[in-house]
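The two complexes that follow have chain A in common; it is paired with chain B in the first and with chain C in the second.
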Partner chain A sequence: MNGFFAKMIELIYSSQMTNDLYDNNIYGVAGLVMILVPVLGALIFYFGFDKARYVGWKAWALSFLLSILTCFLICWLWPQSAMGKAGLDYASSEYVYFSAITSIYSVIIFMICTFVFRFRTTNLLHSPF
Partner chain B sequence: MNVKKYSPLLLAALGLTACGGGGDAALESAIRKALKDGQVTTEEWQDLQAQSANGPYSDCAKLLTLVEQVNANVRQKAEQLPSCESVKKAEQKTALSFALFVENSNSMMGYFTGNTAFKDAMMDLGSRIEDKGKKNDYYFINDQPHKIGQDYEEFIQKMDRKTAIKVGNIRISKLDEMLGEAVRQVTEEGKTAILASDFIYDVNRQNPKDAFPKLKYSIKGKLQKLRERGDYGLLLLKMSSLYDGKYYDYQDRPTSIKEERPYYICILGKNAQLQEMYLHYDLKSIRGFEEAIIFYQPDGQAYYHSVLGQSYKAGQFSRPRGQELIQAIEKPELDKRSGSFEMALAVDLSTLPAPASYALDKLNYSVDGGNFSIKEILPLATAEIHKNDQRYLGTASHIFILESSELPKDNFEIKLALKKQLPAWVAAAHTEDDRKIKEQMDKTLGLQYWVSGISEAFNELGEDNHYFQIKLAVSN
Partner chain C sequence: MDRLFLFCIGGTGSRVLRSLVHLLAAGVELPVRELIPIIIDPDKENGNVEQSIKLLNAYQEIRDKAHSAGSSFFKTSIRRLSEVVDGDIAGLSNEFRAGAQTGERQTFKDFLEFDSMDAATRSLLQLLYSERDNLQSDLSIGFKGNPHMGTVVLNKFQESADFRAFVNMVSDNDRIFIVSSIFGGTGAAGFPLLVKNIRHPHSDYQSKQATLKQVPLGALTMLPYFGVESKPGSPIQNTFMGKTKSALSFYGDDLRGINSLYYLGDDHQKEVDNQPGGASQQNRAHFAELVAALAVIDFAKTPQDRLKTNAEGIALQPSFKEFGLLVDENNPDQLSLRNLASSSRQQIGPQLIKMYYALLFAKNQLAESLATKNHPFVKGSTGVPLSPSLINAPFFADRLNPYFTQFHDWLIELAQNSRAFAPFNLQTEALDAKVVGVEQLKKGFFRKTSDWDYAVFEGYLNDVESKMGGLSAEQKLLALLSQGTEELYKERIQTGLLG
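This part shows the complex of A and B:
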């Protein structure tokens, strides 16, 4: 799984940190986070808040932003902590860059979930548009 | 089954089994005891060898197999067991016994006069080898070896001009024959031979340019025989001492001098012994020590090395994943600003049997592949290593900074080798005409010829001659 996500993320990401991310199994965990967080966010929005008052783009945008922000924070702070524990020292900007890349994937996944889930809801077919 | 009925029979069978395996069981028990602390020390290994000397495990390999079997079944497994090779090396190191030859021909008498560094060095060297508790033989040597005895005290007493001048035919000084005798002591008597001499060859008034090539090949021939007999080598020390006496040039004309002059100590023996002496006998602290070089055929020992991921880096490269050390790199790219590629390589040269100055001179290295060259060689203590690269340092002692301004597009291999070549001091201390010796007190007649003879004897014909070679695979 680490290898699979490494290949996937490294399609748009290159840094001096890549080998250490791989060796410390961070791609695997970050890959799961960037998939599960937006899927969970979309599931909660479309099925937990499937009410008429949440129709429109505002509630959807809030849920989208919360999902992406969560993913961004996890993929920034957790690798930084794990690599620090392994005795590795990289600039914070390196972790922010890595996290930004995983967030791009999260955005794509949230959008895919949006298109899939909204057709299965009672009230949120037109959320966000 | 009626257990009570058969119990005497079972007990008898158990007893017989135990008695039958008695010998091995005792050995296995000793092995278990040795493994208790998670390692087998040299002393423990020697005890095991002594215990198994007359049995089926007298052979090192068989004993080692048994130790491995026992180790596999104990709770606290030893991580590293001794190898037969390491045991052999340890035995060689402990089996040092010396034959010390001191040349006492006419040309050496100046070193025997007064309180000279030469006499001091001989007695110091004698004392150091005596400390090892082995029976050593002491000789004066000129036309042939003249045994002083095995007593160090007697050797000290005889280290003066009055005694030295009376022993043997001091008019004759045949360098190649002296080396031949030293070789004989090593190959036939199993000793480590030490020969102290000014290494000035008696050319019988011939033109040195005619005589020295013959000397070179005579020395080469004698030492080649030594090398062919096994893993032998030669350690050469350049020393300096006050010379108070008459110096005879190649035309046998004397010149009175009282100044510092070079002389040399040749140590011949097993490679392991020489390396042990070079690294651990602190020969540099002997009075008058100036330079040293060891000639031997390397046994292909692998030197610890790893590329550093972030230190002294220009451009980009990746490394194979999941490896503890970086011994190959992938996709190297030039630095866009400087247009060059740089990377650091950490290497452990602490066991290299060559002087530190030799290992730090980048002219002594060759780098093949990828248009690479050495930018700098730094002792680890002076290098600035990125925190993330600490994990790659291991036992490294030096950092090599390699650079290239043009990287091949295909896969290639970088080969970094420390060449076996004569150090610069050999050429600096060489002269082919010693008639005006007062103007060249630091030079030795014909030095380069006989040192070349030694060097060539220990080099493989047609082979790349180097102390070590490190290979780094580069894939694109």
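This part shows the complex of A and C:
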């Protein structure tokens, strides 16, 4: 899984950290986070909040932003902590860059979930559009 | 049953018809293919008659434009006699009101052609009718509580194009119902005449003799349920009870062709304005009229084998019915759905509740929902999209919304009359507190509450949108309101109302 996500992320990500990220199994965990967080966020929005009062773009946007922000924070702070424990010292901007890349994938996954899940809801069929 | 011909005689007949139309609009079941109301009232400007005709026209227009199999609102087809008659009948009224039985601004004396009579006949008439109160009376505002005038004038109805058309159309599969009051002028006079003309038709109607003698015939006669203010010089005086007694005595002896006769009255009587007739006679809706409308429905549901007559047109198993209420002895003047017996509550409660919530949504929220939100019921997942311009389109602006106003006015009148029938709390803003005496179900994941708002209502509309395929925008709107309120009723109100 580490290898799979490494290949996937490195399609748009290149950095001096890549080998260390791979060696410390960071890709595997970050890959799961960047998929599971937006899927979970979309599931909660479309099925936990399938009420007429949440129809429209505002509630959707809030759930989208929360999901991406959660993913961004986990993929920034957790690798930084894990790598620090392994004695590896990189600038914070390197972790922010890595996290931004995983967040791009999260955005794509959340959008895919939006298109899939909304057709199975009662009230949120046209949320956000 | 194929058709129900409903004769509504006089102001009371029209007021009962008004209640019936509101019940049918709300979706109360009337098991007929078509209802054909025929209003008989020589009072050309009677406010109650005008109101009922306006309501019937609105009902027809809404039904024609927006009714579909998916909607329980406006379910029953109501047609004018002129719409169902075969061929042309000269002089047939194309309104719900039967054509003029008298000329414009005609006195009773003119109607009798008094001046062309011989002296002996004139003397006899002067013995029977007072010069001032009867012979000089203007017939264009009715008989002003004088049934002995009405019997003469209304007997002409059997010669009218409307009666001819009715006789032509009536068949063995149809039924006839007559609504009238016993204590006034027009109804008290017209009812026994109409029964006579149906069961013992004129020789002109020879070919329909057998049908007219056998067709199930029901009638409701309203006993006094309101009084009139004492007004010196008015032709209408509070002598309702005396008139009732003498009329009942006559009915008992002579009206044997009626299969089901419903008696309805109320000893709890409020005095209304003393208006002998004309546009100013527009009495407010009364609970007794709503119950009278239920009699029409009860008759339509009566099994055919209980409505047999012999070859002479005499009912074989005549039934006589009254209506009972569960009155709170501490507050007998105030009624709600809770005061109805369970069968009546079940018959009209859900429908009235649905129509009331539909009108609240249409008046308070629909415009906002259409304009601002991406609701599936607006954008359409299965059905056509509903445009914000629907609010200003003729169907909603000129028909449905004014109808809702009429329904609301009717509820207000019922609630303000005495006895007051107030199934809804018309003042509160809380949607869950609208149905009087009914605690709505508590719902919620984290906190159970009976509170709900229009967003919840929109959710019900979204729920049912998937069943809206193939409907026009107008049909979809009505079907959404009908099915959405049905969901609302089942989920939140049914247990409290019927449990």
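Assume the second predicted complex is superposed on the first by the 129 of 129 C-alpha atoms of A that agree within 3 Å, B and C clash if a C-alpha of one lies under 4 Å from a C-alpha of the other, contacts with A are read in each partner's own complex, and residues count from 1 in each chain.
In the analysis below, a contact is a pair of C-beta atoms (placed from the backbone, for glycine too) under 8 Å apart; a residue touches a chain by one contact, two chains touch by 3 or more.
Please read these numbers as outputs of a predicted model, since none were measured by experiment.
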**Message:** With the two structures overlaid on chain A, would chain B and chain C clash, or do they fit side by side?
**Reply:** fit
**Message:** A:D89 in the overlay: touching chain B, chain C, both, or neither? Say first, second, both or neither.
**Reply:** first
**Message:** Using C-alpha centres only, what angle sits at chain A with arms pointing to chain B and chain C? Round to the nearest 10 degrees.
**Reply:** 170
**Message:** Quick check on the superposed pair: does A:R53 touch chain B, chain C, both, or neither? Answer first, second, both or neither.
**Reply:** second
**Request:** State whether A:I12 touches chain B only (first), chain C only (second), both chains, or neither.
**Result:** neither
**Prompt:** Regarding the shared-chain residue A:H126, is it in contact with chain B (first), chain C (second), both, or neither?
**Reply:** second
**Prompt:** Touch check for A:D23: first (chain B), second (chain C), both, or neither?
**Reply:** first
**Request:** Taking the superposition as given, tell me the minimum C-alpha spacing from chain B to chain C, whole angstrom.
**Result:** 50
**Fill in**
On chain A, the footprints of chain B and chain C overlap at residues none
**Request:** Over in the complex, which chain A residues touch chain B? Could you list them?
**Result:** 16, 18-20, 22-23, 87-90
**Request:** Using the touch definition up top, name the residues of chain B that touch chain A in the complex.
**Result:** 309-310, 316, 318-319, 321-322, 386-388, 390-391
**Asked** How about chain A: which of its residues touch chain C in the complex?
**Response** 51-53, 55-57, 122-123, 125-129
**Message:** Quick check: in the complex, which residue numbers of chain C touch chain A?
**Reply:** 372-376, 379, 381, 453, 455-459, 461-463
